[in-house]
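Should a chain be cited, it is by its letter among A, B, C and D, assigned in written order, with residues numbered from 1 in that chain.
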Amino acid sequence: MIKASIVGGTGYTGVELLRLLSAHPEVEVAAITSRSESGLSVADLFPSLRGHYDLRFSEPDPDQLAEADVVFFATPHGVAQAMVPEILKREARVIDLSADFRIKDQQLWEKWYNQRHGCPELIVEAVYGLPEINREAIRTARLIACPGCYPTSVQLGFLPLLERGLVLPGDLIANSASGASGAGRQAKIDNLHSEVSDSFKAYASGGHRHLPEIAQGLESFAGKPVGLTFVPHLLPIVRGIHSTLYATLLDASVDLQALFEERYAAEPFVDVMPPGAHPQTRSVRGSNVCRISVVRPQDGDKVVVMSTIDNLVKGASGQAVQNMNIMFGLAETCGLEAPPLLP
Amino acid sequence: MIKASIVGGTGYTGVELLRLLSAHPEVEVAAITSRSESGLSVADLFPSLRGHYDLRFSEPDPDQLAEADVVFFATPHGVAQAMVPEILKREARVIDLSADFRIKDQQLWEKWYNQRHGCPELIVEAVYGLPEINREAIRTARLIACPGCYPTSVQLGFLPLLERGLVLPGDLIANSASGASGAGRQAKIDNLHSEVSDSFKAYASGGHRHLPEIAQGLESFAGKPVGLTFVPHLLPIVRGIHSTLYATLLDASVDLQALFEERYAAEPFVDVMPPGAHPQTRSVRGSNVCRISVVRPQDGDKVVVMSTIDNLVKGASGQAVQNMNIMFGLAETCGLEAPPLLP
Amino acid sequence: MIKASIVGGTGYTGVELLRLLSAHPEVEVAAITSRSESGLSVADLFPSLRGHYDLRFSEPDPDQLAEADVVFFATPHGVAQAMVPEILKREARVIDLSADFRIKDQQLWEKWYNQRHGCPELIVEAVYGLPEINREAIRTARLIACPGCYPTSVQLGFLPLLERGLVLPGDLIANSASGASGAGRQAKIDNLHSEVSDSFKAYASGGHRHLPEIAQGLESFAGKPVGLTFVPHLLPIVRGIHSTLYATLLDASVDLQALFEERYAAEPFVDVMPPGAHPQTRSVRGSNVCRISVVRPQDGDKVVVMSTIDNLVKGASGQAVQNMNIMFGLAETCGLEAPPLLP
Amino acid sequence: MIKASIVGGTGYTGVELLRLLSAHPEVEVAAITSRSESGLSVADLFPSLRGHYDLRFSEPDPDQLAEADVVFFATPHGVAQAMVPEILKREARVIDLSADFRIKDQQLWEKWYNQRHGCPELIVEAVYGLPEINREAIRTARLIACPGCYPTSVQLGFLPLLERGLVLPGDLIANSASGASGAGRQAKIDNLHSEVSDSFKAYASGGHRHLPEIAQGLESFAGKPVGLTFVPHLLPIVRGIHSTLYATLLDASVDLQALFEERYAAEPFVDVMPPGAHPQTRSVRGSNVCRISVVRPQDGDKVVVMSTIDNLVKGASGQAVQNMNIMFGLAETCGLEAPPLLP
C-alpha cells in the first residue's frame, strides 16, 4: 500500500485527487493539508466524500507529509517551490500539479509568473509528467511536474504531426476552450454562475501562462522552434477542455488517421476516434482519457485536430495518479479504469 | 422628462435598472453611484450597455443625488437607512430596492437582519411597493420599499386565496426556487459556476430573511395570523423565480381558475395562464410579468399555485420602475412593454 | 461471474447500466438488445464506453437473453410485460427498471398507464426493489420491479416518519424536481436544450404517473391510507432528483435528526446529513447514494425533509445493480463504491 | 404602418421575429403561417408572447401573404424558393431568412444543399442582406437573402482586413461556436438538453453548409479567391455565436485597432471593443449588435479577431428587421434599440 499526502486539498484538483485515490486499490491517503481549513473534516467541505474519508485538513508539516511515499501538491504556483526541497530531503517523492517546475527556462518562468523562482536548482531534475512522452523518465523521477490542462490537450493533439515533421512548425494555432473548474475554487466575480452561465468568450488572447509551457513541449517534439498562436476560451460547463488545432501540412499524401492511430495504439489513455467522429467533452467527463479526432477539411493543406480531456483528470489529478502508477511500478491504469459519466 | 439617480449601480439590480431605464421614454438617468468603482465608465463594467450610456460611476453625494426627481437604492440592506432622510429632505422621492423599509415591525427587522435599524422614523411612512395591493398609496408616496423577489412571487400567488378567506391560513407552504442572480454580484465560492451549475439544492430551510416579509404580506391579505413554511432553493439558471404554493381549501366548490382570472383581470403585469398550463421562468425572462397557474390536483382539498417572475425585473428593478410610473402619473406599463426573451 | 443481459440498451438507463456494470468485478454483460440499433457497436453510440465494451446491439431473442443469469429491462413500460414470462420460464431472473410491475393494483396501473396490463399473473410475485424496505424478499425474488426515480427519493424521505406514525398521513406534500435525463433519450421538442436550459417549471401537476406508485409505498409504511400531493418539476440539469417533503408532526417532541440517523444507520446507500446541511444533487452525481436532511422550521409543527438522488443511479440503474447484488449474494455495495463526481 | 407577414412561424427565428416586431413602432404583423400548427394561437405556442399578439397560425396562402408590404420567410431551405415568385408577382417585398438565395453560384448551392434549386431565375436579383456591405442595394431590393448566423459573425470579423488587403487570403481560419438554438426547434436526439448541456464539441469539421456562403463573402471583400478553414462547434448555451478568426498579416505595421474602429465608426450595429477587451456572447444577448475585438498576440504576424452576435438576432431575425428598416426608409435602428439582456 502506497501512502500519499496531499498539500492544498481544498481546491478542485485536491478534491479530485481524493475522489480518484478513494477508488485506487493500492493507495491510502495519509494526510491532506490546508492552512485555511485546518481542523475541518474533508467530508464536511466536500459532501460527495462522506463515507469515503475520515480525514481532517491539517496544517502542512514537512515531517508529517514526508512520512508518505508520495506527496502531491495541489496548490497555486509558488507553494511547491518553497516546500519541495524539504520533502525530497526526507526521501518522499513529489508530484507537483502546479506550474512551478513545468518550464525549463527559469527566466521564462519568472517572466510569465511574475515572481522569482524559489527553487531553481530542482528545475532541471523535475520530469515533465506527460507519460506519452516521458514514461521512462517518470519511472525513476523524484519530482514530477504535472502538465497543465490546456498544455496536455494541445500537446497530445499536435504530437504525432510534429514529431514526424509533417506540418509547418511556424504556423500552429491552438483554439482551446475550458470549463469553469479550470479557474479553480476561488471567490472571484468573473467566475460566478451568473457571469459564466449561458455565455462564452475568449480571454487572455494576448498571452496566457500556458503558452510558454505548450511551446516548450511542441518545440521538443519538433526539434526546432515553433510559432504558436494560443487563444483560450471560457466554456459554461464545469469540466472539460476542448482544443481545436490547426496546422499546415507539408505533405498532403500522409494518411492522418493511420498516423494518429499508430502513434497512440499502445497508449492506454489516448483514444483516436474513428474518421468522421468528433470528440465531446462529456465523453471524457470524470475519466483520464484524451479523445482525439483528426480531419483534413476539403482535402486541402490544413489539418484540424480536435483533442478533448477532463481538465481535472487527464488535465490534472488523473494524470498525477497516472504518473504515480508509473513511478511505483503499478499498472498504469490502476484506479483509473472507470468509464466517463455520460450523460 | 423624469430625472433619476441610482445609488449602488454595480450589482445585478443596478445594471438591470439601467437596462430598463435606457428603454424608458420618460426617464433620464442623471447619476449612478458606486464607492468601489467611482470614475469607471458604466459601459466598461457592463459591456451590454455600450452605446446606451455615457455615464461614469460617482461617489454618492446626497446633494447631487437629490437633484433628481427620484432616487433608486440598489444597495445591500443598511445603506438606504443611512441616506434616505437626507434625500427626502431635499424633496426627491425614493424607491428603495433593498430590504430596509419592507418590514413594519422594527424589532422583527432587527432580529432577522441582525442589526439596529438606522432610520425607524420612516418605517411607518414607507409604502410597500406591490402595486397589485398598494397602488393608491404608491401614487403619493415619498418612500417606496420595493418587495423582495421571493415575496413578490409568493404574495401574488396566495393573494386571491387569502383575501377571500378560501384556505386554511395556518397551513401555507411556499416552495420557491431562484436563479443564481438572486444571490447578487458578490465574490463568494458558493455562487461560483462550478458550484451552482448542473446542481440543485434547498438552502436556509431553517429560516430565510424573506420569511417575515412574506408572512407580513400574507397576514395583511388574510386579516389574521398565518402559518407559513417557506423553503428557498437555488436553481442553476441566471434569472427567474418559481414558487410552488400549497394550501388547504376550506371550500372545494370555488372555481379557482375564475377566481384568479378575475382578481388579476385589470392587472397589467399579472398573467393567469389557461387551465393545464404551467408557467416557465423563461416565459418571463427579462420582463415585468408574473405568470400564475392554479390547479387542484385530483380534485382534492389542496390547491397548488405556481407563480413565476424574473427576479431581477418584477422581483426588483422592473417593479421599481412600475412604482416610479405610478408615482409620476405615467402609464403603468411605460418602458416595460417589451416581451420576454424566449428562447 | 454473473452473466447479465440488457433489453433496451439505447436509453439513458441502458448506458448507465453499462457504465456501472463495466466497473462491477462480478458481472459480465453478455448481450444488449435494441431493435432500432441492432448491429451497431455500443461504443459507437456511446463514445464514453469506447474501450470498455466490445458488444453490439442485437435483436431481442428470449433464448439468447435467458442464457444470462439475470436480464435487465431498461425499456419503456409495456415491453417487459410481454417478454418477462418467457425469460422466467428459461430460469433467468429479471430486474425490470420500467413501471410494468411496480403497482400492485392492476386496475390502478391500467388507469394511469392507459393500457391493458399484459402480464397480470406476475404482478403479485414481483418484488418492489427498494432494498431499504424489501431486502429479504429481494434475495429470493425471480422478478424485481425497480422503483421509479421520484418514488425512490420521496419514499426514502417519508419512510422514517410514516413507519413510526409521527405525522398526519392525510396531508403529505412532495415537491420534487428532476434533471432532464429523467425524460429519457427521446426526440421531443419539449426536451431540447433550447427549451429546458436556463429555465424551470412544474409539469403534470394535475397527476403524474409516479403518484400512485409513491402513494402505494407510503401507505404500506403508514399501514393506512395517505393523502399525497405530488408536484414534479423539470430542472435544467442532466442528472439528479431533489424532493422537498412537507408533513405535519403529530408529536413535536421527537428528535427528528436521531430518528433519521437511526433508521438509516445500517443502510449503505442512505446518508443522513448533519443538522443544518442541505443535500445537493451534485453531491450524489453518478453514485447510488440518497442523501437526506431533515429540519423543523422555526420549531413549528411542520417537518421538512430534503432527499436527493441521481435519478439514473439510485433512481434507476444503480438501484437495479444493488438489487442484483442482493439477489446473487454479493456484497450489496459491490461495484457501487465509487464516490460521486463533484464538481 | 408597414404590414408584415411571416411564413413559418413556429421555429426560433419565427418567434424571435414576433418578439422584435412587437416592439417595432412602425410594423404590424398581419399573418403568420404554419402548416403543422394552423389554427393554434401564437400565444399558446409561445407563452412569452401572451398579451402581445392576438394572432393564430394559418395555412400559407400567397394571396393573403402578399396583402402585406413585406413577407418574411422563417422557413427551412427549399420553402422560399417555391413561394417567392408568387409573392413578388403580387408586389410584396420578400426578406428570406433561409439559405435559398444566399449563394450566387447555383451549382454550388445545389451541391451543398443536395437538391435542385427551385427558382434559379431570382438568384441574381436577390440582394445579400448584410447591411454593412450592401446597404444601398438593400434599399431598393425586392428580395433579400438574409445572411446565415455563422456567416454574419465571420464576415464582419474579416471584412476590415480583407477589403484592405492586409492579410494572406489563402490562409484564413474561422473557429466558430454556436448556441443550441442555431440548430432550430426540431425534435432531434442530438439537440436534447441531456446531450448538449455541460458539454462541448466540434461538428461538421469536414464541411458545413455555411462554408461556401462565407467564402463567397470573403472573396468579394478580397477581390480574389480565399482559402478558408471553418470549424463550427456546439455551445451549451441557448443564444450566441462567437467566432475566433485567425489570419496572417502581410504588413505588421498596421494599427489594427484603428482600422476596425474606423471601418465600423458609422455602423449602428457593429461595436469594436476597446483594446484588451474580449466580447462575450451574453453582452449581445437579445440585441442586434455584433461586438468585435482584434488582437495581435505577442506582436507576431498573426491577427486574431473575436466576433460575437446573437444568432437569432443579428444572425437572423434582427438582421431581417434591419433590412426591412432600410428597405422602407425607416431609421435603421428602429425597433432594435433595446440593450442586451445581461446577466
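In this text, contacts are C-beta pairs under 8 Å (C-beta built on N, C-alpha and C of every residue); 3 or more make two chains touch, one makes a residue touch a chain.
Here the structure is a predicted model, which means the values were calculated and not measured.
Trainee: Considering only chains that satisfy the touch condition with chain A, which of them also satisfy it with chain D?
Mentor: For chain A paired with chain D, the chains in contact with each are B, C, in label order.
Trainee: Counting C-beta pairs in contact, which chain pair has more, A-B or B-C?
Mentor: By number of C-beta pairs in contact, B-C is the larger.
Trainee: Relative to chain B, which chain's C-alpha centre is the most remote?
Mentor: Taking each chain's C-alpha mean as its centre, the farthest from chain B is A.
Trainee: Taking each chain's centre as the mean of its CA atoms, how far is chain A from chain C in angstrom?
Mentor: Result: the chain centres lie 36 Å from each other.
Trainee: Rounded to a whole Å, what is the gap between the Cα centroids of chain A and chain B?
Mentor: Spacing between the chain centres: roughly 45 Å.
Trainee: If you average the CA atoms of chain B and of chain C, how far apart do the two points sit, in angstrom?
Mentor: Computed from C-alpha means, the inter-chain centre distance equals 39 Å.
Trainee: What are the residue numbers in chain D that touch two or more other chains?
Mentor: In chain D, residues 12, 181, 185, 194-195, 197-198, 236-239, 279-280, 282, 285, 343 touch at least two other chains, as defined above.
Trainee: In the complex formed with chain A, which residues of chain C make contact?
Mentor: Per the touch definition, chain C meets chain A at residues 12, 15, 18-19, 22-23, 44, 46-52, 181, 185, 197-198, 238-239, 271, 273-274, 277, 279-280, 282-287, 289, 291, 312, 337-343.
Trainee: Applying the document's contact rule, which stretches of chain B touch chain A when the two form their complex?
Mentor: 12, 179-181, 183, 185-189, 191-198, 236-238
Trainee: In their complex, what parts of chain D are in touch with chain A?
Mentor: These residues of chain D touch chain A: 171, 173, 175, 177, 194-195, 198-203, 205-207, 227, 229-231, 233, 235-240, 242, 244, 246, 248, 276, 278-282, 285, 293, 295, 297-298, 300, 302, 304, 306, 308, 343.
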